[in-house]
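Shared between the two complexes below is subunit A, which has subunit B as its partner in the first and subunit C in the second.
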Partner chain A sequence: MRFNSRAWMVWVLVVAFLAMFARNPLYSIILLALSLLAIQYYARIESPVRSMFLQISLGILLFSAIYHALFIHIGDHVLFELPQWPLIGGIITVEAIADGFRNGLVLIALIATFMALNTIVPSRELVRLVPAAFQDLAVVVLIAITYVPETRRHLRRIREAQAIRGHRPRGFRDWRPLILPLLVGGLERAMRLSEAMVARGHVSERAENSRAPERILLIAGLFTALIGWVMAILWGVSGYILLSLGGLVLVLIVVRKGRRVRRTSFVAVPWTATDTILVFTSLAALILVIAPWPVIGRLSLSYVPYPLLKMPEFHPLVGLALILLSFPILMGMTTQRDHDRMTEPDQNATSSREGIRQAR
Partner chain B sequence: MEKSRNIIITVSSICLILVWLLSASPRQLNAQDPNHVAVVVRLDEEEVVTQCVAFNEEQISGYDALRRSGLSVTAGFDAQGGTICQIDGVGCPADNCFCQCKGGQDCIYWSYWHQVGDSWEYARVGATTYKVSDKEVEGWSWGPGTISQAIEPPAVTFEEVCDSLGSSEMGVPMEESTSSGNWLQYVLFGGILGLFALALVYSQIRSKSR
Partner chain C sequence: MIEIKDLCYSYPKAENPALLDITTHIERGEFILLAGPSGAGKSTFLRSLNGLVPHYSGGSVKGRVFVDGIDVFDKGPRRLSSVVGFVFQDPEAQNVLDVVEDELAFGLENAAVSSSQMHQRIDEVLNILELTDMRDRQITTLSGGERQRLAIASVLVMKPKVIALDEPTSQLDPQSAADLLRFLVQLNDEWGLTVVMVEHRLERVARYADRILYLENGRLTLDEPMELGLAHLDPEGSPPLVRLSRTFGWDPMPLTTTEGSKQAGLASLTIHTPEDSQETLYPVSGDPLLRTRDLHFSYGNEAVLRGVTLEVRAGEAVALVGKNGSGKSTLLKCLVGLLEPGRGDIWLQGESILGHDVSDICQEVAFLPQNPDDLLFAESVSEELEITLQNHHLNPAQLSRSPAELLERLELSDYAESYPRDLSVGQRQRVALGAVVIPEPRIVLLDEPTRGLDYGAKRRLMDMWDQWRKEGVGFLLVTHDVELVARACDRVLILDQGVIVADGPTAKVLDSSTIFRPQLSRLFPGSGWLTVNDAVDGIGDRLS
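Let's turn to the complex of A and B:
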């Protein structure tokens, strides 16, 4: 089962928005679980990445809890009291620590959501999500998102090569034989990439993409939007009209510029009915949670542990609305079986080929 | 071996920290508290509430003084501290603390005041940061909140509020830690997490069987 990258993008944006909007830790846990399950079903991540995510998550929780404990001195469950030092002096409370955990959980849910996007959607499709007008930016994004995994693979190769030669890094100095080849390898990779880009005529397109009237209009649109934004804060409606006008000019320029860029697609993932359902369920979950329905407990979306720590509320209808976001996981569960069935003959063929080789 | 030892150490540390956090009990107030602060709340042009708050600490925050006044208080909190959103039903909800401060109109919110001598002084720091001592007068006023437009609370002395104690003295005990809502909601939450756990196990089984 494979969803279109645009449908995934909608799902990820809805999950990320709800993670920021619903500050209740129970909902954050559900959104975090949804992202991790999506990764489990649609991406294969290596064990070191998994343990790194766990370590980062624990680090964020710990840092957030300590930060809140030191800087927020509100709450009735007092653990101890620091002397009146600037900023951090005062009572250290369980409520502040709980608030730190709550904020940390939101951050972890956000990281997991974007990790899902990064691991499920291939890099080339992520780049295609960038509007055609920002083609140069798309290339930079592609290089940026492939840089870390590529460097990690290179480091692992170097470590393996050094290990074969009996090298075991213990102290800081022992890392020099690893760092230097990594640096040289990185530079070589950058050179190869730039040569490949020049060979594909990347630089020659620059002249065509920049036209003076467009640039002037772009600046005018940005300026109008900025003035509109300031006016919207100060005077309300009239500012919003100007802001919309500036935004419209910007969108038109982006569309116009994008039309001049030609893109070649070798393997296009078609938009199917399941993509439509994914978008529909994601948007339905979003509307159900954020719209002011009388039956949905919007108050439960926020959770404030101060001044006295209490259990966060869990509204069943909000929980059910969030369940709508599990559509891709349901599809992954049902279609994985089909996938297995489809791949069985291939596996048999592979095993029979191996059998023949062994017989020879 | 080393890995399992690390796991044991991590789990034990987390358990110890949890026990330490859970062992903290809420602060208790003594009915015979030696210190007092007068709290003046201007709800609108006509209605003003005054309370004498007793406390046994040397100093308490302005927010604590307001909470202990017995009036219902709703506050919003972030890393910068707390903001008073609603007092005695007047004001905004916690998730939209400045609900009457949008779109370029008058910015109406709860302004915070301290009485210095005979006059009111607009607070320079928030109520969660400011420390109140014995015999001080604290003021809250609902209306345009900026320093140039804010309406100060009416002139009231500490003696007027606290000397005729009797029924007006407050030293409200902290409310008990309550679980809001019934246990069924947590059963449902557990059920959803259980379903997710089953989905995870199913995925593991499928990938192993392949």
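Let's turn to the complex of A and C:
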């Protein structure tokens, strides 16, 4: 089972938006679980990556909890009290720690969502998700995609190189020999990669990109949209009209610029009915959660642990709406079961590419 | 095919121009060798052929470059990408995507090649470069040689008229390098492909190239047919065969060992060695400084080292050679504790060091990895040395040689306060060497120390090693550079698929090897002559 990358993109954007929108830790856990299950069924990640994700997640939770405990001095359950030092002085409460965990959870859910996109959708297709008008942005996307695995490999090399100079990292200052070569090396790698992309034809020509009327229209579109936005806040409908007009101009410019860029596709993953269902279920989940339906407990979307820590509320209808997002996981489970009956599991990735090749 | 007129180029904020008054003309189907010392402007010249200079790098440019009638500076890299294929020095640097097939399709998609044509071209290139079985492989799982072939495949798939290669063989073993060069010659002949190649190891390329362009300080000081050009080259920068030929005044100058044999009339001098390259241990005196016994190491289920036993003695220089992926770098990492062997033991001066801390081992065993930049982070060269001393809790008074003296020996005194990353490749290599040898270790392990270095830099490095060896420091050197091994090492180990298959005196091992054989050993098989001096001393007047 393989979804079109555009359908995946919609799913990821919806999950990411809801992860930011719904601040209830129970919903955050559901969204986190959805992303991790999607990775489980659609991507193959090495165990070091899994353990790195776990370490980063624990680090985020810990840092967020400590940060909140030290800087937010509200709550009825007081653990202890720090002297009146600037900023961090005052009571340390269970509520602030719980709030820290809640915020950390939101961040981890977001990271997991984008990790799902990064691991499930091949780099080739991720680059193609960037509109043709923004070819230069594709360089940035590629650098971003390769950054984490490359940085991990580079860090291992630097750690080895510094160890042979007798370096034993203990305190914060001892990280300088690792961080500096890592930063400089990362920049150099990004430069080399972009140079390689330029040499292989992936760059928009200045002449193609810089038609004067387009630039003027772009500025005019942005300016109109901005004024429209301000007017919409102040006066309502007339502002929205201007905002839409500005937005339309921007879309037209992007489409026009994109049409001038000629690109073909080596492996075109067809759009199927399941892709339509994935997009439909994702958008349905989004609308169900964010629209002001009287029957859906919107209050349950937020969670404030202050002043007294209490269990977050769970509304079954919100839960059901989020379950709509599990469509790709259900499909993945079904495919996995069928696949397990027929072939070895580690042939999965190759066979999907082979399938596409044969289908051509 | 390529027309360059009065080309001058300066990088942004550079004091001196990188290229100065270059005028030359390259015909369709020519094979050009671009040579010169490090920092002479070779890579800049290459980048000016596809417009990376100045479109990507910025800076100021004068003069014109035309490739296939296209004004490079006017049209830029995108337009040129279908005409000039560019292979960078480091194949890892140019992998854009993560799967072999996608990588090949990347350029074609950008050039809007139709899907059917794309499949045809990709299949063809995969077939030619023997990469068909790897089409679905993740690029990170490929070996160095495979990556280099992929890098070349990804530009050839564009069917360019010119291919520009920046030291494409620097990471390859002699066999892979020879295969790659033969393949390029085939393309040059059959496709009429114009090849422009930067290479420091002239002995590898001289026989294939039609013409040599030699750059010094940004100026084109030599633009001659290969044979004539080599005759005019500084002897130090010439391949051994050329130096020997010049010593004995052979005319015409031989570019291959076959031509050399004819010139020297040496058929009767040829002494054939036995086919079997399994050698016995070299009989050396004194206790070994470093010793391993039955060393095994695996990455997961893949066995990389399978029972490696070796010794290095005081003052001895031992070369460890082998094909790409034979386990050489893994062995060095095991020796300093960066990797833990699955079986076997390692002794340093009679004491087992298995399980010891890397930092403790490296006080006695210095290790210079392939990429010196991973070591350097300080604000100045002298600070790099101080930091290593601090790491080992040493102070300069405890050393027999002060950091200043070491810098002098490394020819870095003038750069003591310079920012290390601003220095040239050879200088950075020496700074990194200084940073690992400042605690005065007994053994020095070097992993490809001459990669990217010109002849002069190599010679200076060898002179330095000689001084240390006289002081009793042992060297274990991993390299693909057999000419370097011939000149600098007493003993050679050949590692093949994790097993030491040959161990003996340099002359004996290299002479009996089919792959790791210097030029003069091929010219005088069985003679034991590896260097120009050996040959001159050995045959002297007989040849003249």
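One rule holds for everything that comes next: the second predicted complex is superposed on the first by the 264 of 360 C-alpha atoms of A that agree within 3 Å, B and C clash if a C-alpha of one lies under 4 Å from a C-alpha of the other, contacts with A are read in each partner's own complex, and residues count from 1 in each chain.
In this text, a contact is a pair of C-beta atoms (placed from the backbone, for glycine too) under 8 Å apart; a residue touches a chain by one contact, two chains touch by 3 or more.
Just so we're clear, the structure is a prediction, and the values are computed from it rather than from any experiment.
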- Task: Based on the superposed arrangement, let me know which partner A:S47 touches: subunit B (first), subunit C (second), both, or neither?
- Result: neither
- Message: Going by the contact rule set out at the top, does A:I323 touch subunit B (first), subunit C (second), both, or neither?
- Response: first
- State whether A:W235 touches subunit B only (first), subunit C only (second), both chains, or neither. first
- Message: With both complexes overlaid on chain A, does A:I74 touch subunit B (first), subunit C (second), both or neither?
- Response: first
- Query: Is A:G185 in contact with subunit B, with subunit C, with both, or with neither (first, second, both, neither)?
  - Reply: second
- Message: Just to be sure I read the superposition right, which of the two partners does A:L26 touch: subunit B = first, subunit C = second, or both, or neither?
- Response: first
- Interface residues of subunit A shared between complexes with subunit B and subunit C: none
- Message: List the residues on subunit A that touch subunit C in their complex, please.
- Response: 122-124, 127, 142, 146, 149, 157-158, 160-168, 176-177, 180-181, 184-185, 189, 192-193, 195-206, 262-268, 349-350, 353-354, 360
- What residues on subunit C touch subunit A, complex-wise? 50, 52, 55-56, 76-79, 81-82, 86, 88, 90, 93-99, 101-102, 105-115, 118-119, 122, 136, 140, 154-155, 158, 333, 336, 338, 357-359, 362-363, 366-367, 369, 371, 373-377, 387-388, 391-392, 421, 435-436, 439
- Query: What does subunit B use to touch subunit A in their complex?
  - Reply: 20-21, 24-27, 61, 63-64, 67, 75-77, 79, 81-82, 93-95, 103-105, 128, 174-175, 177-181, 185-186, 188-189, 192-193, 196, 199-200, 202-203, 206, 209-210
- Message: Which residues of subunit A touch subunit B once you look at their complex with the stated criterion?
- Response: 26, 29-30, 33-34, 37, 40-41, 67-68, 71-74, 76-79, 93-94, 97, 99, 233-237, 299, 301-302, 304, 306-311, 313-316, 319, 322-323, 326, 329, 332-333, 336-337, 340, 343
